[in-house]
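After this come two complexes, each holding chain A, first together with chain B and then together with chain C.
Take a look at the complex of A and B:
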C-alpha cells in the first residue's frame, strides 16, 4: 500500500498520544502537589528544586506544551492527511519534531525547577530554550502546510485545514512577540501589557483553532453526517482570523494601559461571545436527529460536553472581562476556575474524545473495558464541574473580602475550605484520567483484534 | 407547518450570526483604533506599536489568503468541501478494512 493510499503515519499518532498522556500524568501530579501547598501540607517543603512556585510553573507548562500540544498534534497527524488526501511533508521530519518537542518540554521542566524560568506567563520556558521552540514551530509549519496547499489545488479547502493553517502561522508570530519583545526590547509596564496579549493569543490563536479544527473533522466523520453549514464554519474561521487577535488587554484591566483602550477591549471581548455562540449552534444543528450518539458514543459525548463547557466559559468570559467584574475577581481563584474549565473541561475533553476514538483503531484491539471509559468520563466531568463551581465561588468570596479591606489573612482563612474541595476535585479528575490510561494500556495488551492493522 | 418552524429557526440563527459578526468586526475596528491612537500619544510606549505591527503582519497575510481563495472560486459552492471530506473518509476506511 503506497503513501498516497494511506497517508496517515499510525505509529507517529500513537507516539504523540503516549507522550501526551505521560505529560498529563506529570502535570496533574504537579497540580495536586501544588494544591497541597494551599492546605499547608506541601510534602516537599524545603527542597529548593521542588519549591512550590516552580512546581506550579511545571504544572502549567506541562499541561500546555506536553499534554495539549502533543495531543493536538496526534489529532492533526491523523486529520490533516485524511482531510487533504496527502501525507505530511516528511516522515523523518515528523519524527524529528516529535523528539524535539519531548526534549524541549523536559528541558523546560528541568530549567524551571532549576530556577531559570523566564518571567513571562505561559512563556516561562527558559530563555535558552526559546530559540529551539521557535525553530520547532517553523518545522511544524513546514511539515503540515505542504499537504494542505496540495489539496487546495484539488478542491476548496475544508474548514479544519483553514484553522490548521491559521494556528501554524499565528503561533510563530505570537511566540516571537511574547517571548522576546518584553524580555529584550519593551520591558516594564509596556512589556507586561504585551505578555497579556501573548497569554490570550497563545490560547486563542493556537489551542483554540487547533481544537476547533479537529472538532470539525472528528464530529462529522464519526456521526457520518456533514457539518450543518460549512459557510457558517468558514465565517467563524475568518472572524477568528481578523477579529480575535489583540484580545489580551482584558488580562490587564485597571492597569497602566490607557483607559480608553481598556474600554474598547471590554466591548470587543463581549462581541466574541456572540460569534462563539454561532459556532456552537452549527455543531448543535449537526447533531440534530443524531442525538443518540451522546448516549452510545464516548468520543461524541466527550466532544459535546466540552462544547457545553466552552459555552459556559465564554459566558463567564463576557462577565469577567467587564471592568466592574474585574474589580472583584482579578487575582482571585475565579480566574483559576476559568483556566481549568477551558483548558481541561474543553480542550482536554476533546483530546480524550479523540484518544478514545483513535486508540482501538490504532492498536487494532477491542476495548478492554467499556465501563472504565464511563468511569473516566464521569469522574472527569463531575470533577471539573466541582472544581469550577468551587473556585468560582471561592474567587467571589476572596474578592469581597479584599474589597471590604479586611485583613489579608481573613481571605486566606475563608479560602481554605475552597482549596480543600479543589484538591478533592483534583483527585476525582486524576481518578478519571488514570481510569482512561489504565483502559488504554490494557486495551493495547488485549488479545481480541477488531480489524487488520495497517502501518 | 413543521417546515415553517424549521425555516424560522434557520432565519433566526442566520440573523444572529450576521449581526454577531458585524458587531464583532465593528468592536474590533474600534479597539484597533483605540490601541493605535496611543502610539502618537506616547502612552505606555512600545506596547501598542508591537501589537499593531504583529496584527498587521498576520492580517495582511490572511487577507491575501482570503483573496486567493476567493479568486480560486472557493466561494462559489461553499458547502462542497464538507461532502468531499466524508467521501474521502469513507475511502480511507475502506483502505483500513483492507477492501
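Take a look at the complex of A and C:
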C-alpha cells in the first residue's frame, strides 16, 4: 500500500501503543511499591537505587512521558493524516522520534533512580537529559506541522488540528521555560511562579489539548455524527488557549509569591471552568440520540467516563484553587486525589478508549474477549472512584488535624487507614489494566480475522 | 480565518502563551528584582551554624575524612551537597519549605515565610515542596539535635515510632556512622531557617 492511499503508518501506531503499555506497567508497579511505604511495608527498604522517594518520581514521570505521551502520539499518528489528508513529514523521522522517546524515558528513569533528579515537578528528568527532550520536541513539531500546514491551504482546519497546533507549539516553550529558567536563572518565589506554571502547563498545554483533539476526532468517527456545535468548539479551544497559561500559580497559594499574581491565578482558574462546561455540553449534545453507544461501545464508554471525570476535576479546580479552600487542603492528600483523577481518570481513560478502538483495526483481529474489556473498564472506574473519594476525605482529615494544632504525628496515624484503602484501590486499577493488556495480547494472537465493514 | 494555521499558531500558540508568561512569570520576577540574590558563598559569610561545628566534634574521624576542618569553604560544600542529596532523594515531595500565614501554621512552625528568604542559590530551583507527609522544614534549624537527625535518617522509627519515612542507610558508612552525604544532609536540614532562629 503506498502512502497516497493510506497515509497512516499502522506499524508506528502499534509500536507507540505497545511502548505506552510497557511504561504504564512500569508506572503502576512503581506507584504500588511507593504506596506500600506509607503502610511501612516497603519491600525494597534500604536499597539506594530503589529508595521510595526515587521510585515515586519514576511513577509520575513514566506516566507523563512514557504512557501518556506515547499513547497520545499513537492517536496523533492515526488522526493527523486522516483529518489533514496528508501523511506526516517523514516515516524515518517518525521512527527516529519513536526510539528517541523510549530511550529518553528510560534514561530519565535510570537517571532518577541513580540520584540525578532535578527538583522540578513533572520535570524531574535529569539536567543532562533536558536538552535532548527539547530537541525531541522540536523534531515532533517538525514531523506534525507540515501535513497540518498543507491542509490549511486547502480548507479551514478541523477542530482536532487546532488543538494539535497549539500543543506542539506550547510544549516547546513550556519545556524550555520550566526546565531551564528556574534551574539556572531565577531562584525562590519568582522561580516558584515558573515551576508552578510548568506543572500546570505540562498537563494543561500538552496532555489536555492533545487529549481533547483526539476526542474531537474519535467521538464523531465512532458515533458517525458531526460535533453538535462549531461555535462551542471554537469557544472551547480559544478559552483553553487564553485561560490555561494564566493559572499555574494556584499550585503555590499563600506562598511568598506576590499576592496579586496569586489572585489573578484564582480568577483564571475559575474562568476555565466555564469553558470546560461549554466543551462538555458540546460533547454531551453530540451523544444525544446515540446514548446506546455507552452501553455497546467500549471506546465511547471510556471517553465519556473520562469526560465526566474531567468536568469533576475542573469543577474541583475552580473551588480548590480559591484562597479559602487552600487554607485547608494545601499539602494534603486531597491534591494527590485530584492529580490521580486527572492523569488516570481522564487522560488514561481516553487513551484506553483509543487503544480499544484502534487495536482491532491495527491487528485486523476480532476481540479475544468482550467481557475482559468490561472487567478492565469497571475495575479501573471503580478503582479510581474509590481512590479519589478515599484520598479526598483523607486530605480533609489531615487539613483539620494541622489546623487544629493536634500533634503532627496524629496526621500520620489518622491517615494510615486511608493509605491502606488507597493501596487497595491501586490494586483494583492494576487488575483492570492487566485484564486490558491480557485481552490485547490474546487478541493479537487470535485467529478470527475481523469481518470487513463497509462505511 | 479562525480555522487557519497561521492564525492559530500566532495568536493561540505564541500570543496567548506570552501573555500568560508576562502576567504569571515576568510579573513575579519584576516585583522581586530588588531583593538581592545571594550565592552560597555570601550565605556562609553571614553565619556558620553551631551544629556544623558540633558535627565535627561528634564525628571527628568521619568529618575529617569528608570535609577536613569546619570553615566557610567546607560549610558551603556541605550545604551544597546536602541540598543536592535533598533533591536526589526527593525529600521535597514529602516535606514542604514554606510557612503559610493561615491555618495556625505560624503557631506550629514559626515565622511566616517571606520572599526574601528564598532569594538565594540554594533555592534554585525552589524547594517549596508538594505535600506534607512529614512536617514543614523551613524552620527546622535547631528544633532537633544532630544526634536526633542522625538516628532519624538511620532508622526513623527509633525516634518517631509512627513515622512512614524510609531509612537512608546509604547516608552511613559500614560502622553505622554518617558518611559525607549523611553529614551534609544533616548540615542542610540544620541550616533551614537558621537565619530566623530565636
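In this section, the second predicted complex is superposed on the first by the 449 of 455 C-alpha atoms of A that agree within 3 Å, B and C clash if a C-alpha of one lies under 4 Å from a C-alpha of the other, contacts with A are read in each partner's own complex, and residues count from 1 in each chain.
The rule is simple: contacts are C-beta pairs under 8 Å (C-beta built on N, C-alpha and C of every residue); 3 or more make two chains touch, one makes a residue touch a chain.
What you are looking at is a predicted structure, and each value in this text was computed from that prediction instead of being measured.
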* Following the overlay on chain A, give me a clash-or-fit verdict for chain B and chain C. => clash
* In the superposed arrangement, which partner chain does A:169 touch: chain B (first), chain C (second), both, or neither? -> both
* Name the contact category of A:402: first (chain B only), second (chain C only), both, or neither. => second
* **Which of chain B and chain C A:241 touches, first, second, both or neither** => both
* Scan A:313 for contacts with chain B and chain C and give back first, second, both or neither. => neither
* To do: Applying the touch criterion given at the start, work out whether A:117 contacts chain B, chain C, both or neither, answering first, second, both or neither.
  => second
* What is the contact status of A:332 with respect to chain B (first) and chain C (second): first, second, both, or neither? -> second
* Considering only touches as defined above, state whether A:232 meets chain B (first), chain C (second), both or neither. => first
* Asked: Who does A:189 touch here: chain B (first), chain C (second), both, or neither?
  -> both
* Asked: Which partner does A:27 reach: the first (chain B), the second (chain C), both, or neither?
  -> neither
* chain B clashes with which stretch of chain C: 4-12, 112-120, 148-156 or 184-192? -> 4-12
* Would you mind listing the overlap between the chain B footprint and the chain C footprint on chain A? => 152, 156-158, 165-166, 169-170, 173-174, 177, 181, 186, 189-191, 193-194, 197, 234, 238, 241-242, 245-246, 249, 256-258, 261, 264-265
* Name, in rising order, each residue of chain A that touches chain C in their complex. => 37-40, 42, 45-46, 48, 51-54, 56-57, 115-121, 124, 148-149, 152, 156-158, 162, 165-166, 169-170, 173-174, 177, 181-184, 186-195, 197, 205, 234, 237-238, 241-242, 244-249, 252, 254-258, 261, 264-265, 326-328, 330-333, 335-336, 398-399, 402-405, 408-409, 411-413
* State the interface residues of chain C toward chain A in the complex, per the touch definition above. => 2-6, 8-9, 11-14, 16-17, 19-21, 23-25, 27-29, 31-32, 37, 87-94, 96, 98, 100-105, 107-108, 113-115, 117-121, 123-133, 135, 160, 162-164, 166-170
* Complex contacts: residues of chain A adjacent to chain B -> 1, 5-6, 8, 82-83, 85, 152, 155-160, 165-166, 169-170, 173-174, 177, 181, 185-186, 189-191, 193-194, 197, 217, 220-221, 224-227, 229-232, 234-235, 238-239, 241-243, 245-246, 249, 256-258, 260-261, 263-265, 267-268, 270-272, 274-275, 277-278, 281, 285, 361, 451-452, 454
* Structure fact -> In the complex, the residues of chain B that touch chain A are 13, 16-17, 19-21, 23-28, 30-35, 37-38, 41, 43-48, 50-51, 54-55, 57-59, 61-62, 65-66, 69, 72-74, 77-86, 88-89, 92, 95-98
